[in-house]
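Each structure below appears as C-alpha cells.
First chain A sits with chain B, and in the next complex the same chain sits with chain C.
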Partner chain A sequence: MVTRALPLPHVRSRARQILPGFGLSLGYTVFYLSFIVLIPLAALVVKASGLAPLEFWTLATSPRVLSGLRVSFSSALVASMLNIPIGLLIAWVLVRYEFPGKRLIDALIDLPFALPTAVAGITLTTLFAKTGWVGNLLEPLGIRVAYTQLGIVLALVFIGLPFAVRSVQPVLEGLGTEVEEAALSLGASWGQTFSRVILPQLLPAILAGFTLAFARTVGEYGSVIFISGNLPFKTEIAPLLIVAQLESYNYAGAAAIAVLMLGLSLILLVLANLAQARASKVVGE
Partner chain B sequence: MRRAVALPSAARVSPLKAHSRAEPLWLKWSLIGLALFFVVLLLVLPLVTVFYEALRAGISRYGASITDPDALKAIGLTLGVIAIAVPLNTLFGVAAAWLIAKFRFPGRSLLISLIDLPLAVSPVIAGLIYVLLFGRQGVLGLWLEAQNIKIIFATPGIALATTFVTFSFVARELIPVMQSQGREEEEAAVTLGARGWQVFRFVTLPNVKWGLLYGIIMCNARAMGEFGAVSVVSGKIRGLTATVPLQIEMLYNEYNTVSAFAIASLLAALALVTLVVKALLEWRGKLEAKSQS
Partner chain C sequence: MNITVENVSKHFGTSKTAALEHVNLNVESGELVALLGPSGSGKTTLLRAIAGLEAPDSGRILFDGIDATERAPGERGVGFVFQHYALFKHMTVFENVAFGLRVRPRETRPSNVEIEKRVRELLKLVQLDFAERRHPWQLSGGQRQRIALARALAVEPNVLLLDEPFGALDAKVREELRDWLRRLHDEIHLTSVFVTHDQDEALEIADRVAVFNAGKIEQLGTPEAVYDHPASGFVYHFLGRSNALPDGLVRPHEFHVSSTPRPGYRQGTLKFIRLVGANARLEVEGEGVSAPIEIEIGKGQLEGELTPGAAVYYQPHTIRTFPTTN
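== the complex of A and B ==
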C-alpha cells in the first residue's frame, strides 16, 4: 500500500500497516480541501496581487477602508472581551449550582450558533430599536443601541456567547475541588480562592474561548448589517466595504480589502494561540 | 443516600459542601440572578421577539406570509442547497476524521489547521473567492460563459459558498470522538479478517454515530441559515436565487416586517429543533459512555 512509501520512525509501523484506508482518506481529504478552500483562497491572493503595490497601499490606507477595519476589529475585540466575564459567569452557574430551569438554559446557550445570523440581526434590531422592548427602556437613559457601534458590539456578544461558555464549561466540570478546599481550609477567603486557585486553572480555556469568539465575530456580517445602520466612517464594517466594491465591479479592490482583513485576523489569531500556549504552560498541562 | 442514587451528579456535588459553606448564600443567588439576566436579555427575549413579531398581525397573515410563492421557492432553494452541502461535508468529515484520528503522518497538524481555516474566514470573503474564480470577470469566467455554465448568481455558486462556510463542522466534531476511540478495536477487526469497509461500518461507525449525527446537525443548522457568503454569490433574484435568509432580508428592507419575521420564525423554530436534538444526542452519548465504563 501507499502507506509503506512514507517512512515514519516515530510511529508504530505495525498499526499503520494494519488499518486500511490511509491512501484513500488522505487523497480525498487533500483533494476536497484544495478544491473547496485552498484554490479559491489562492485565487483571492492572485487577484489582490494584480494591484500594483502603490494602488494596494492607497486603497488600504484610504480613510473609509481604515475606518471599516477599525470598526470591525475593535467591535469584535470589545465583544469578545465582554464575553469573557459573561461566559465565565454562565458556565460557573451552570456547573456549580442547582436551580430550576438549569437544563433548559444549558440547552439554550447554543441558540446563537443554531439561529441564522440574518434572523438574529433583524430580531436584535427590533428589540433594541427606540420602539423595541429593551430599546424604549434605554432611550430615557440616553443609551442608543440600534444603529450605533454599541449595536454592533451587542450583535457580536450574542454571536460569541456560546464559544465563551462552552470553552470554559467542560474545564470547570473537570476541575477537582480538592485544591480549592485545601485553600479554603488553610484560611483563604472565597475571593482569594477564586482569583488565586480557580481562575489560573481556567485561564487557557478562557483564552481559547476568547480566540474562537474573536475569529468568529471579526468577519461577521449577517447579524451586524441590520443593527449597525451602515453609516460610512461610523458603523460601516469591513465586510460591507467588500460587498460595496463588488457591487461597483471593482473586483481587485474587493480582493485587496479581503486579503487585508484575512492577514490582520490571522496575525491576531496566531498571537492569541501563543498566549494560550503560554497560559497552558503556566498551569502545567 | 437515596438522593445519591437518583442523581448521577450527586457524587460530584457532595464534596462541594465544604465549598458552599465558604461561599455565602447571597453571593450564589446573585450570581445565578446575574447569569439569568444575561440569558434572558441575550437569548430569551430575542427568541420571544421573533415569534411575537411574526404573529402580531394575526394567524391568517402569518399563514399568507409563509405560503407566499416566493417564500416557498426560497424554502425549496434552501433545501436544495442543504442537500448538496451537508452530504459533501459529511463525506469529507468522515474521511478527514479517519485520516487524522487513526494515522500519524508528516503535515498532520498543518492539515488540522487547514480544516479549521474556513471558520476564520469572513462569510463575505467566502462568497467573494468564488466570484473571483467563477464570476464573469473571474479566472474561469470567460471559459464558463463559452460552455454556457452558470455558477455565480445561480444555484451552484450558492451551494459552493454554503459548502465553504460549513466545511469544518462534521470533521471538527468527529475528529476528537474518533481519536478517543483509539485503534485497538479496528486493528482487532482487521486481524480477524474484516475488510476496510466492514471495519468502518461495523466497528467504527457504531462507536462514533452520536458524534457524527451531532456534526451533521450543526452543519445543517449553519447551512440553512448562511447569509453573508450566499448574499455575495446569489445576485438575489427573487423566486430564483433567493434563499430563505435572503428572502427575509429583502422583505425586512421593504419594511414588510410581519412577513420577514413570519419566515424568520420558521428558521427560529428549526434552530430550536436543532437545540433539542443536540441536547438529546449529548444525553445519549453520556448515557452510553457511562454504560461502557
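== the complex of A and C ==
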C-alpha cells in the first residue's frame, strides 16, 4: 500500500501548540517566581553588598560565623542522611502492609509540617533535658541530647522526616511487587533483591527526599534554638547569628551571612539535583 | 520435570468464595499445559502457587513426586514470566538476562566469561542479540516479553511458568509470539504451564488445556477433547461463540443456510450479512429465539441469493445439550 502525506490546508510557519495556555501559564510562572523568590533574594544580595569586600570577607571568615555555618550544614546533612533509612522504612511499612491504624500513622507523618517549629523545639527539649522523661534515661548512659549538636540533629530529623517519607512513598507504590517476585524466583536472596532491584529504582526518589529535607532543615531556626542551647562555637547555628546581627541593627552583616548560606545551599542543591538526574536516567525516567 | 498439584485450596482475605477449591492437576514432563478461564477463576493463583509466590491454605505441590510446597520460589527451579514483563528497568537487557546467574552464591556462580556466553546464547535464541546494551524502556512490548523469557530461561529452570504472557501485546505481535513460543517449546521440551483467558491461544499451542471456573478445574484434556466434547455448558460457552436455541446450544459454523424453504429448515429473518474472506457472517432473527442467531459458514455453502430483511431458512446440524447450562 502506498501512503502519501496529504498537504495540509493551511501550513503555519511555526508549530502550533495543541495544548492551550502555554503563554499564559509560563508568564504567570515567571512573574510569581520573580515576585516571590528572585526579587527578595536579589534584595538580600544588594543589602549585603553594602559591606565593602574586605568587611564582608572579615565577617565571613570570622570564627564565630564559620562555626555557625559548620554547625548548621553538618547538622542538616547528618539529619537528612539519618532520614533516608527512617523515611524509607516508614514508607515501606505504609505501602506494603495493611494494619489497623495505618491511616492514622499516614496522617501523623505530616504533623511536623503543621506543628509550629517552636512547639517542636520546646517539646523535644523538655523530653530530652537531663530531667526529662527520655533525658533522665539517657543521662546514666552518658548520652546528652539537649544543648548539644545531637539535639540539633534530633530536631532536624523531626522537621525533615515528612520530606523523606513523602518522596519515596508514591514511587514505592508504583514499583509494585512484581519485580521483587521476579528477582526472588530467579534465585536472589531478599538482601540481593533489595540492594540490586528495589534500591536502585528508588534512588532518584530517595535523593529527592534527601534534597528536600536538607533544604528545609539547613535554615531551620524555630525548633533548633530551644534544644541547642546556643553555645557559641559549639551549638550556635548560622540563622541565630543572622538574628543576632539584626538585633544589633547590623543589617548588612545579617544579609552577608544570609548570602553565604544561600551560596552554600545553592551549590549543595545543584549537586544533589545532578545526582538525582543521573539516578533518574539510569531508571529510564 | 513432572508437576503434581494435590488438593490445593486457597482463600484470599475475608472473601467467601475460594480462589482455588481442592484443585488437582498433573503436568507431565515436557508438556505444555494451558490454564484457561475467565478472570478471577483461580488460574493465576494456581500458577503462582506452583511458583511459590503464593502459599496454598491446604494441599501439596510436588515436583517429580517430591513435596515442594514449603520451598522458597528461588529454590524451585522455576522460570516465571509475568504479564507486564517485570523487567529490571535500571539494568540493560544483558544485565536483566544475567541477573539470575549473578545472584548465585559464589560456589555455584559461573565465571563472567561463562555468564557472557550464556546470556549471548539466550539473546540469540529470543532474536534480540542486537539489543544487549539497551534498556527495557527502549524496547517494544513484544521484545520486552522475549527478554523476560530469556531471563527466566537463563537460570536453566526445570519448569517454565507464564502468566498471561501475551496479554499486554497487540493482536499481531501476540500471534507471532504465540507461534514462536510453540516452536521454542518443541525445540527445548521444557515442562511449561501458561495462564490465558484467550481460548484461541490455549487451543492453538497447548498440549492439554485445563478450563477453570470459580476456583475449580471444570475440564482437563487435549484441545480437541475439550472443544469437541465439552464437559459442561460453561466449557462450551467459554471455548467459542455459541447460540442458545430452544432445543440446545449451537456454534456459529454448525448451520446449513438457504434462501428457499427446505425440509427440516427453520424460518427466520436475515438482519445482517457480511462476506469477508472465505466466510459469510449472518445475523438471523429466529422464531422463538430471543437473541439474534450468529451464523458463520463458508461462502460456498450459501444456497441461493440472500438479502437483508428477507426470509432465510436455517438448520443447525449439531445441537448440544447440557444438564445445567450456566
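Heads up, the rule we're going with is that the second predicted complex is superposed on the first by the 247 of 285 C-alpha atoms of A that agree within 3 Å, B and C clash if a C-alpha of one lies under 4 Å from a C-alpha of the other, contacts with A are read in each partner's own complex, and residues count from 1 in each chain.
Here is the rule we go by: contacts are C-beta pairs under 8 Å (C-beta built on N, C-alpha and C of every residue); 3 or more make two chains touch, one makes a residue touch a chain.
None of the values given here were measured: they were computed from a predicted structure.
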Tell me the contact category for A:V93 with respect to chain B and chain C: first, second, both or neither.
first
Which partner chains sit in contact with A:E181 here, chain B, chain C, both or neither? Use first/second/both/neither.
both
Look at A:P200 in the shared chain and tell me whether it touches chain B only, chain C only, both, or neither; answer first, second, both or neither.
second
Chain A residues touched - chain C or chain B, whichever exceeds
B
After the superposition on A, what does A:A277 contact: first (chain B), second (chain C), both or neither?
neither
Between chain B (first) and chain C (second), which does A:Q192 come into contact with in this model arrangement: first, second, both, or neither?
second
Chain A residues where the chain B and chain C footprints coincide 178, 181, 184-185
Given the complex with chain C, which residues does chain A contribute to the contact?
178-179, 181-189, 192, 196-197, 200-201, 282-284
The residues of chain A that touch chain B in their complex are 3, 6, 8, 10-11, 15-16, 18-22, 24-26, 28-30, 32-33, 36-41, 43-44, 46-47, 86, 89-90, 92-94, 96-99, 103, 105-120, 122-124, 126-127, 132-134, 157-158, 161, 177-178, 180-181, 184-185, 190, 193, 215-216, 218-222, 226, 238-240, 242-243, 246, 249, 251, 254-255, 258, 261-262, 265-266, 269
The chain C residues in contact with chain A across the complex are 51-53, 72-76, 78-80, 82, 84, 86-90, 99-100, 103-104, 135-137, 148, 151-152, 154-155
Can you check the complex and tell me which residues of chain B touch chain A?
13, 15-16, 18-19, 22-24, 27-28, 31-32, 34-36, 38-39, 41-47, 49-50, 53, 88, 91-92, 95-96, 98-99, 102-106, 111, 114-115, 117-125, 128-133, 135, 137-139, 160, 163-164, 167, 183, 186-187, 190-191, 195-196, 199-200, 218, 221-222, 224-228, 231-232, 244-246, 248-249, 252, 257, 260-261, 264, 267-268, 271-272, 274-276, 278-279
